[in-house]
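Order of writing sets the labels: A, B, C and D. Residues in every chain begin at 1.
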């Protein structure tokens, strides 16, 4: 099991970084540029790990990124990666969808604590914007998840995947819920139009303002792990999971590309605009999907 | 003196433990007037909860000097709660209720910060609660001819429907006021924030739970969840009654959460958060399913632990620094590190994040909502949960992180040990409830049997089972610790010279060096964006105070009208009285 | 005075270990690899001090796309490896530039655009503009021209990358070694009102350190 | 012009400098009241700038207030003179808020004092303890040379003027040489082919 966990983390690390390389490449092509190397994220992280000094504002500042990485890895481990095999089945059965929903926020809380300790008002401003945005951002996603749980009558992800083998994929059965969840996902990936918390022109670098060297590298690494985890979660919930590595990569990449394409073409919402928007159309779409599940499903 | 009262507080616990569930005392005064104490599983749970809370608060009280009368009143209060939760009939219950009201009133009036208006608010609402309780009691007696709970319970089925409704509404109103449901929460915030700092913890953690106990008593015991189902019919998989009540609870939690974020006073934030958390409990209490009851009871436990922890923590900080506002505090993390860690554990619990106990209770409640298919209710709960992260972060940032906003905060010392001991115990409890959520199933099952609901399957200490899934708290907490330690080891192995404890002014500040008096604390910034969000602004700009204040002025005007009769010419007064009685007589004859 | 407050910690500790076990070559290879990665990823904080700031948007956007070489802009000095000073520096700017430079994490590099940072350029007789930037902070690459075209800036990147790859001694090492020299120069031009240097307790080193 | 007659009543002369530019000269005592009447009576709501000229030889500063109406079709300059020594002016920031920053700059650059000004602190210069730099008795060159000496030359640098001269001369010489060569070549060719000339003549 331990070997499998290590394997999984390595897979997520590599795939996540290459996805981010591709993300930068695709964005560049859309803006008619060449873009960096696909492996650019590796270079960046190795360079940051090999920085010769790193500022540190005290032990809470030190622990914040560690908590964030722990949250990301725990999330990753609790999400079933493959639908058929027994890969980490004994681990994923220890948690369920509600655990994941709340685990996904544990990491950002650790980060927020570190930012607060760093004492940079711009960082805290970014954190507060992020948390305010979260009020609206989680709404469609929660509705989608609740809809799926009620439809499957189980909060166990393995059960939701298994159910899709008999009833068909959730993306076809519950398209409205899928749309709602995807709009939230754009925000969870920090893409436009919901990328206000770290807006470089406004709040320096937002929550990451004071992080440098190995802390920044750790944040980047956990970011790629976490991104992969979120993609796998969406694939598990809506696309029926994946039974092989190729299918997993194909499906996660499809979701990822969709999110990039949405993110590239939009401008940036202010916090209140983002929340207002998310509380209207996406929530309405998701609620319609939910009503269908509860009353007709 | 403190140690004596500490021992006195231990007595009820020993007393309960000695009887071990078989307590039954009856005091017969006349044939129809009996005082009885009966130990039910539900009452035992609440009794232990309040007794242990009193014990912990008494430990914390060692660090400050309190008068003898204060301790006596507090002891009286604990006795009153003991009476309430073990009462076997309404007379005992009501006596306990009144002693609780008055003893707490006198304790609150001893506070330095209290003003007459807040005191009036508190006593008025407490009296209203008592009146509504006594009205319910009298109506119930008129049908059952007894105050005994079991007699009333069996007589309830034969009552007319409108009487049943009236009873439920009257009792609910009484207990809602105590728990602070939105609309009836007018007294809560002022009282919690202006009471003596350590007493606030009792108010929030224990006294509000008496309202919850009352609701359990009415819905579960006297009316019975089966009876509620038959009375009101069902919607989805739950009852209509539960659905209505759930909306009240969800509205309470959402509104109070948004209000909490914008508070500047620490204790006001905690007061609103208390209202919000009790809103969760009220949401699930009426579902009438095993998981609903279990969730409500688990959250009662968790909320008691968390609010005790947070209020004691804040009381310690207020005592140490003399400041009670977010805009005046800040940057205490390296001055009072133990307090910081305790508060951190508290807010992780409050936000309901795994791996601590806060998650287990939320999980139970969410599953109850899924079980009954109350999807919108569940989304409301999740939504208020997401918004609560903001005030949780504000709590920890405003006090401990960021920059100190005044000079004396830079030289503050760690709070006295007597404040820390109860906090450490509570934090450990929070970790244990998170690691062994299954243990609670053993506690809850007798209560479910008492309410004649199905029991929850038990499979191991760490596993929390529910209708639609289970999770292993022990696994998650140990996995968290293992990953945390591993990553920490990895990151410390990477040798890049980190200069520890950098000067707090060495921040990226656009090339500038902040001066000593530059305002770097972001304490005011929370909730600024919130006002621009339409939905949140609609909640924030409304307030129940305008309603109650207009009610007060209307009452005043009416009483002035009456008082006018007594002044001036005595003949007129006599004439009016004569006319009044003759009119009465006339009506009577007809 | 100690030379090199932040002596190459990664290299030193590893070097000792490798030398103990007789693996100097491995250490050299590792160092080379790390240098290669450093050269492939350069985070830039673009400090627009003068007119040259206008040349940076085309350098980093679609027309010239510096990102394809691993050069990308960041917002805060904490994350940056390279600071680009684009034009003349007034005393007031210099104070902020020093502050920004000292907040960057080692290894850190400086690139200047135009002739003003080299000799004052057309502001040579201004009462408020410094003439030799390298007296105050160590400049790694100076791209000349008034103003240099984006091609020239990219040429500067390539030169810097080559130097990093070869492991040449960079400006930040000189700054650490000759810290007093630089601080004296800064103090001369900025007067007594020099910002505190948080990374090294400079005042205590000079006065209180010895006493 | 209407304004001219109005000013005449105040016994002031309006001089037209260009087709959109007018000038009024006033002494310091009447400056404040005149500017007030410009704002309130004549409708000059905008203060464009406050300029200062250092007349070192005569020993005074010439201060110019540039004013505009809402129409923005012409500018009126209100000019006054103040003593260079302990120069002081009434502050206008209560009348035109934008004057605050202009006066702050003038204080820094010329050392003019504005009694009652709220923010007479550093503007563009920080911690400047020398003579205000735009006064003409401030020797900029000396200051610059003492603070920022020139970079020492590497030794391989060449004097541009002489190099250009040399280059031009070389070019000239080359040109002359080429012309000469062309002439001799032509002469030689003429000698070699005399028959062509004859043919041509024919």
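Assorted remarks:
As a working rule, a contact is a pair of C-beta atoms (placed from the backbone, for glycine too) under 8 Å apart; a residue touches a chain by one contact, two chains touch by 3 or more.
Not measured: the values here are computed from a predicted model.
Interface comparison, B-C against A-C: more C-beta pairs in contact at A-C. Among the chains, the centre nearest to the mean of all shown protein C-alpha atoms is found for A.
A separation of 57 Å divides the Cα centre of subunit B from that of subunit C. For the pair subunit A and subunit B, the distance between mean C-alpha positions equals 34 Å.
In subunit A, 50-55, 204, 209-210, 213 are the positions where the chain touches two or more neighbouring chains simultaneously.
Shown for subunit D are the residues that touch two or more other chains, of which there are none. Each of residues 496-497, 499, 502, 506, 508, 510 in subunit B touches at least two other chains. Contacting chain pairs (ordered by label): A-B, A-C, B-C, C-D.
Subunit A meets subunit B in the complex at residues 49-58, 60, 62-63, 65-67, 69-70, 73-74, 77-78, 91, 94-99, 101-103, 105-106, 109, 112-113, 116-122, 124-125, 127-129, 131-132, 134-136, 138-139, 142-143, 146-147, 149-150, 153-156, 159, 204, 209-210, 213-214, 218, 270-272, 275-276, 279, 287, 290, 293-294.
Within the complex formed with subunit B, the subunit C residues making contact are 6, 9-10, 13-14, 76-78, 95-97, 99-100, 103, 195-196, 198-199. Contact residues of subunit C toward subunit D in the complex are 90-92, 95, 118-120, 124-132, 189-193. Subunit A contributes residues 24, 28, 31-37, 40, 43-44, 46-47, 50-55, 200-201, 204-205, 208-213, 216 to its touches with subunit C in the complex. Note for the complex: subunit C touches subunit A at residues 6, 8-10, 34, 37-38, 40-41, 43, 61-62, 65, 67-70, 72, 74-76, 78-79, 81, 103, 105-107.
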